[in-house]
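There are two complexes below, and they share chain A, which is joined by chain B in the first and by chain C in the second.
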Partner chain A sequence: MPHALESTIQRDYTAPDYKYVDDPFLIPTSNAAKRAFALSRESGRKAALWIRKEHAEWFDQKLAEPPIKAFTARPHITEVSEASEDILRNLIDEVSVTDAITIYEILEKKEQEISDETKLSFLELLSFQNCNDPVSEDLPEERWFRQTTHGKQKLRKTWKDGSLAEKVFETLSSGPLAGEAHRALIKGMARYGQAERAHQLFRNMTSSSDPKMAPDTGCYNAVMYLTPFLKEGYEARWQFMESLLREMAGRGLKPDLGTLNSILEVLSNMGSYRKAEDLAIQTLAEFHKLGIEPCLASYYYILLTFCKERGPRSNVLVNILDKLNCQALVAKDPKDVFFFVTAMEVCRHHLQDVDLAHRVHDLLTAHNNYDLIGDSHKESVYYRNYFILMCAMEPLETFMEFYNKLVPTVYIPEPVVMEEILKAIDLNGAIEYLPQMWSDIIIFDQTGRENLLTTLLDIMARNPVAIEDVEKNLQMKESYLKIAWGIWNVVEDEEKEGFRSRNIIWTGSMLGDLMTVCLQCGEFDKAWKVLKRLGADEGMSVVAEEYEPPPLISGIPSIKSLSLFMDACLKEGSVTRGIHPSLENVCHLVHLLEAQRDGSLKESGLYGGCGKTVKPNSAMSCVACVRYSAEAGFPEAGDLAQKLAESLSLNSSQMSQLTSAVGVLRTESPSQVDSSRIDLGKDSKPSES
Partner chain B sequence: MCSVLLKKTSMYSVRCLRSTKFITLEQCILTAFGRRLCTSNHNKDEGDPSKTGENLKHKKEGDDKSQIHDRDDAKMKLHNLLKEMIKEEPLTEKKSGLSLAKPKKTAKEKPVKDESGVLIDRKVIDATKDVAKSLGGDVKETESELLEKLLSTKSQVLGGMAVEQIESTKQWRDIRREQAQFGRSVSEVKRQPRFSKGSPTSVNLFGGSPLGIFTAEKQSSPVHDPVAPSIWEKLQEREVRLSTSHPPRNYFQQMILWTEQGKLWKFPIDNEQGLEEEQEVFFTEHVFLERYLEPWCPSKGPVRHFMELVCVGLSKNPYITVQDKKDHIYWYRDYFAAKKDILKEVGALPDETGASSPTASA
Partner chain C sequence: MDIFSALHKNVIPLLFLKNAHLRNSRTIHLSAVCSKSQSGRYKITPKGDRPLTYEMANPPHWIAHRKSWNSFNTTNLLGGLRSAETAVEDLFIRKFMVGTWHNLIANEVIIKRQHNIIRIAVLVRQALNPRKMYFLLGYTEELLSSWLQCPVTLELQTIEDKNCTIYKYI
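Let's turn to the complex of A and B:
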């Protein structure tokens, strides 16, 4: 229904959802917070409803003339309430099942006569609802956030056998409305998976000669919907449905949209049945001929039929979109809401076609079609697939534009999506997005995800900051450091909170990456802290400060980060702070070893004479680093030790520690290091055994 | 118990050793490939000697390794690495028999996610070895072969290389599509269509031959076609409506919802909404009330005066019904009747016999 004023308002992507804007301070920024906020609001409404129901006597003032029905307390119905057929009929119209059942039982007890028409309506209500109360219309948030798997999961029997519905049916089955009562019960049983008895009742109807007992289209739809329960084997199922259709035609019944959807649903569940696709197309053609146009639910079943996980790829979605052509869609079937989420899944998994995904999204955002997204769960699955697909297919700039548009007002990416985005950033080397991502991870309350932290550290360690603009370079390094240290704080805080609540545990590679980032940003002290965290200073008598031994770390960092630490350490110990630019380019082993050789030459050449000026702290750190490398089983530890011995003058205890760690050290001139490299590797073996 | 633990940890160290090495190798190959991409992209630059010179200058400054577009450099490195690989391979295997030194702190058995995630398939390693042996021929071709092999196993490794921003969107998409198709996690690979080769088939939705069960002409509606929608149909409608009605997204939608729930005035605005029974009553009924004073009220005097004021007041009151107004007037009638004696005494009511007292008119 068009609304003149409402139609002038477009969705504002910069503002939070309408339900969150009451208090700017409280606007939620994570998926969990959004859910909690909306449901809390609604539970306030529920509490008010409860008070009004429990204490109806407090609300007897007439504040409005004429009275507003929506605001007046509904009568509280108990076993002693006044009952009449009119009250029952009203309650049926209001779909309040429990109250209607109470009134019906009072009337039964009083042996008051109820007309057959009212009884039939009551039976229809009970069959449709399976004697349960529906979700209230007044609670839209509850409907929006409810985890509805209903519909997607396989139909199972939930029908309440021997319930009031069947008793009411008994009273009607011999009367003049027997036909209608049969139909209502069959449809109800089909809806809740009671296949056997529904089919039996249906057979009673078809074998009856009484024209009033003839089944109608709805009955046939219901039984067709139950086919998978009744027949084994795909061929038998189709034959069963075909015979039902011929029966319908023989009775002169007119099929409707429900018939089409029942057939297509059964066909969509036929796994690897080869004819299913052809049959679906034939069915569509048949109904098209009859002037019955498929709805979104029909297309949903078509997608399920054609786009199987294992099966040839099909472009059927393109054909469907051509047919829908951005028109205003109207819901005709409760399962219409499955179309968009499934279409996006097909785009991502089946076709990997981002252009098609854009077309689906255009259709969704056109007119009022967004109403057909379903609920919050379907919406987030839809966007998850869309985001991951775009992230994989589109250039990063385009994707980030889209990201900035929809996040966080419309959609907040789940951790799995965030990881994909981080990987794309890594692949592009687009480190400029990392600060934004980190702040988003904090805002979305995803810092507890180990995989995100690990990926972030990994990316930062492998993509050192190298921007030509000096100022920007500095800025970037600063934010790198902020991210790295933010991660450090997150994990350390978790550890402090105790073992139970921890879900992130340091790994060697995480700490190694962290150390690399600190060193690349020139923060030697922090890097030393990280190395200590790795347990490198264990058993070192030089350690002045006394602290509790931290929990064990599993895994070891790469030798690259360790040797980077060595180099930085040597430089730290000499004159300058910070790292030599040539060391930044060390990216793999070959480079590293070359650089080490060059570096040690340079070190000894430049600072050889100033060995005594080196702070003891620095030498100690170096020794700790070498010891750790040796313990971790890196054959390169020998190189590091060699280098250390050449660059710095160590005292005797440090020397002995070094020797015990890596074995015999050579004291030749640095130029011989290269030729003795492999020997050194062997030298380090005894210590490993 | 202890020795088992020790053995396990040492095995683990070997694994770490291997994986670090192979990752380095792969990364090197892939970095080289990334550069090849860049160079093919920057062919123009290569042709231009001045630009190449500029590149070299950048290199000297050690500014950024990704700016090195030197193809030969990449080739040389790959060559060296693969050679080294052949040399070192037996060494690693021999080593695996030894129990190696291990970090004391890793006594914990917990496998590390990172390392296990990047363990490289044995097949890939064999393949790279074979290729390395046959090196010396067309290095470029070898490179691309290597890449293809690697692509088909892990895209995560690809994540390790810093590919320079590729300008052409199309080229970019092709690469990403290839990755998206090949480089999924194992669980997702299972979901891959088995016959994913070949272009997807198109479907003509309404072009099939009909089943031929129903005929379009024969649309005589059945006997049971209820005129009024049954409860079942109403419930079905309700279900569809609820499945597509969501929390309001702006204030207008909120007001629309409230209007539908009957909490707000309906448009068009009418201040007699909900007063349907009053629609039947003509306005004169409300306004002209003097007739209800007849015949009980005296024709003049203070009581008459008072009652006329009451009538004026009531005629201007829109909030009560005509019946309420009548009841109001009749209440006064009864009241005055009850107080008849007193009223007569003070002369407020004229005597039926004589003239009114002079004080009454004051």
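Let's turn to the complex of A and C:
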């Protein structure tokens, strides 16, 4: 029972995990940083442990009485170390496999007698660990961040054939401890997927008449666990297990939780077997009669059995949660840690039930149940599913409340989750959350994700700021601009630095959206900059030969953003700049429509005509551009041309080009229309030709 | 000839001649000048440009009033154990910290002992990548705890610039 005082303390969601230093500089803000910081700390500890091991002579002081083992240097064991059975037994107790093997080999070489009991415990150690050193219990971070094999991954054979374990087994197999040795080896082989030999040894045991050689429940569990390796076909597998269970009953062996879990695991792997679900339920009932209650691992297998990806919907999770009912859970099986992550996955993919997801989360946060979340990978998958589900099903306000509670101290959303959140914001038109999301994207180091930037720009372009409160409206516009220009800087910087591998490449629609946002916020200069970026800087290509033109931008901006620019441009031009610059902008713009369409900027003869420097014939080429844009298939080109003609004073030939491009223009000077066909297409060629 | 040498040459022998009985007795020297304590106090510079941290700015008699101890332990209380060992260990910890966190520590190393736990609090400059800092953190904790045979925790606080710690100039 936890202490009364202790139970009053709950997780502080505003502080980082205890393993991190609570200092702004040292608090990790991205998933990568979380991992790096925790593992760095542990690697520092490992360095210190290495020093302690290499220079044991510096650590010989005896301060504590009785001596504390954890703080004293362990003797460094080499092939010339002193060896005795006691030392071996100590090493076995400490689970240091490699050292124990070294000592055992020294003892063998010296032909020193080792008692059978010690050999047996040595064999048990080797079988359990497959002759490998386990990751130390003292290195929690390494265990937490280790990439564990996923639960659904099938058991592979990793058992080391012909290893020391088998040699030790041979020395024991004919002695008085043969039964124990058999059991140890069978369980070890089963654990590491050596099915055939485990089964063979098991059959040796069952056929032996010696009562000492009788297999125990653990052996039966191990062999049942191996069923998929031993039998083909679902029916055969089940019959095999049933026969084993009958054998157990015949021997008077009582099954345990391991038996239940072995059976359920095999059933959960039976794919489309119709009877699997019924059999699982029957097994549970049978074990309930025996007084064996399922643990989380059993429920995990049940979920796998019932909630198949393409199977019918099953509400088994509801029943499981009713049964568990927020009680304090205890780990009973290594697979217990798979329950929560799978339950959340079922909530999201199988049931799409957010209320059930809340119930799972309540169970997880009750008592000390959070210990059963497993490792960092399972935790993030759990939260990923929970977040995406909530994002889709809950009102956005509720979701954001939850988001603010858990992010970033407990969980930092992956880019996939961020995109879902952005989409939800878009759906709700809740643009007030955008500044927060953008700052989170920066903090979580996700600015390198093209999909996030594209989505953000798209949302901003489609949801212009329209808040009634003037002050708030201004504020929001400012934040919009900050986001838009932040994105611009991110992409431009990336391009400059030239990280080819993770380069974000501008697309036409991205730039179009960016331009729209700038225009909506009244930043004409920035929009003009974006437009220049869209069309590449053709002025320079004329000047220097070695100049490498920036990569072409794929795709075209929407006509909406372009015509928006045209409007702004005409307005801007007539108000502040006089006709020329704006005219030039327009021609550039319309030109762009064309050039983007056929993708070759340099070839276009027109292109040199309208640049960033104002040229005398800019109006002319502008008109031609409108024509080309029309040819390129934008029906709106006509409107653009109309606007152009109404706003600027064009000479007759320009007018004629416009007219030929888009048909008859309703202008005040019909006389100009007559001469329209004279210099059609003479000073510029369409790039398609 | 300044006044002190004059005193030495002329006055003091006279004193002894006059009071001959004093020559054979032990006298306690209690002049005001020599009893002046110096440790933990800093001299004012002519230009007034010597930077002091808060800790330096308060002389030792302000401990427990305006500032706190640098070592917290109970060894010097009545019935306290290992007072000498603790003092030497603290010295060792300070040397170790300053050497390991080279050129990073911006103030005194504070050592707090409670039961069998030693907590070491320091201000660290942000001159190192946080990852490296975490490495040093784990390294220091593990190595010190194997030497001192008890759990050691570091309580770090970082500062952008060493000048943040300046309290005043004298």
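Please note the rule applied: the second predicted complex is superposed on the first by the 557 of 689 C-alpha atoms of A that agree within 3 Å, B and C clash if a C-alpha of one lies under 4 Å from a C-alpha of the other, contacts with A are read in each partner's own complex, and residues count from 1 in each chain.
The rule is simple: a residue touches a chain if its C-beta (ideal position, glycine included) is under 8 Å from a C-beta of that chain, and two chains touch if they have at least 3 such contacts.
Worth saying up front: this structure is predicted, and the values here are computed from it rather than measured.
Trainee: When the two structures are superposed on chain A, do chain B and chain C clash or fit side by side?
Mentor: With chain A aligned, chain B clears chain C, so fit.
Trainee: Between chain B and chain C, pick out the one touching the greater number of residues of chain A.
Mentor: B
Trainee: Looking at the overlay, does A:A36 come into contact with chain B only (first), chain C only (second), both, or neither?
Mentor: second
Trainee: Could you say whether A:P140 touches chain B, chain C, both of them, or neither, answering first, second, both or neither?
Mentor: The first partner, chain B, only.
Trainee: Just checking: does A:E494 make contact with chain B only, chain C only, both, or neither of them? Give me first, second, both or neither.
Mentor: Neither partner.
Trainee: Which partner chains sit in contact with A:A73 here, chain B, chain C, both or neither? Use first/second/both/neither.
Mentor: It touches chain C, and chain B stays clear.
Trainee: Looking at A:G44 after the superposition, I want to know if it touches chain B, chain C, both of them or none. Which is it: first, second, both, neither?
Mentor: In the superposition, A:G44 touches chain C alone.
Trainee: In the overlaid three-chain picture, which partner chain does A:Q282 touch, first (chain B) or second (chain C), both, or neither?
Mentor: Touch partner of A:Q282: chain B, not chain C.
Trainee: Touching A:Q61, do we find chain B (first), chain C (second), both, or neither?
Mentor: A:Q61 contacts chain C only, not chain B.
Trainee: Please state the minimum Cα-Cα separation between chain B and chain C in the superposed model, rounded to the nearest whole Å.
Mentor: 5
Trainee: Which chain A residues contact chain B in one complex and chain C in the other?
Mentor: Touching chain B and chain C on chain A: residues 38, 68, 71.
Trainee: Can you check the complex and tell me which residues of chain A touch chain C?
Mentor: Counting only chain A, the residues touching chain C are 21, 23-26, 28, 33, 36-38, 40-49, 51-52, 59, 61, 63-64, 68, 71-73.
Trainee: In the complex, go through chain C and note every residue touching chain A.
Mentor: My answer: residues 126, 130-143, 145-150, 156-158.
Trainee: Taking the complex as given, what residues does chain B use to touch chain A?
Mentor: So the residues of chain B touching chain A come out as 13, 16-17, 20-21, 24, 27-28, 31, 62-66, 77, 80-81, 84, 98-108, 110-115, 156, 158-160, 162-165, 169, 172-173, 176-177, 179-181, 191, 193-196, 198-216, 218-224, 230-232, 234-236, 238-254, 256, 261-263, 273-275, 319.
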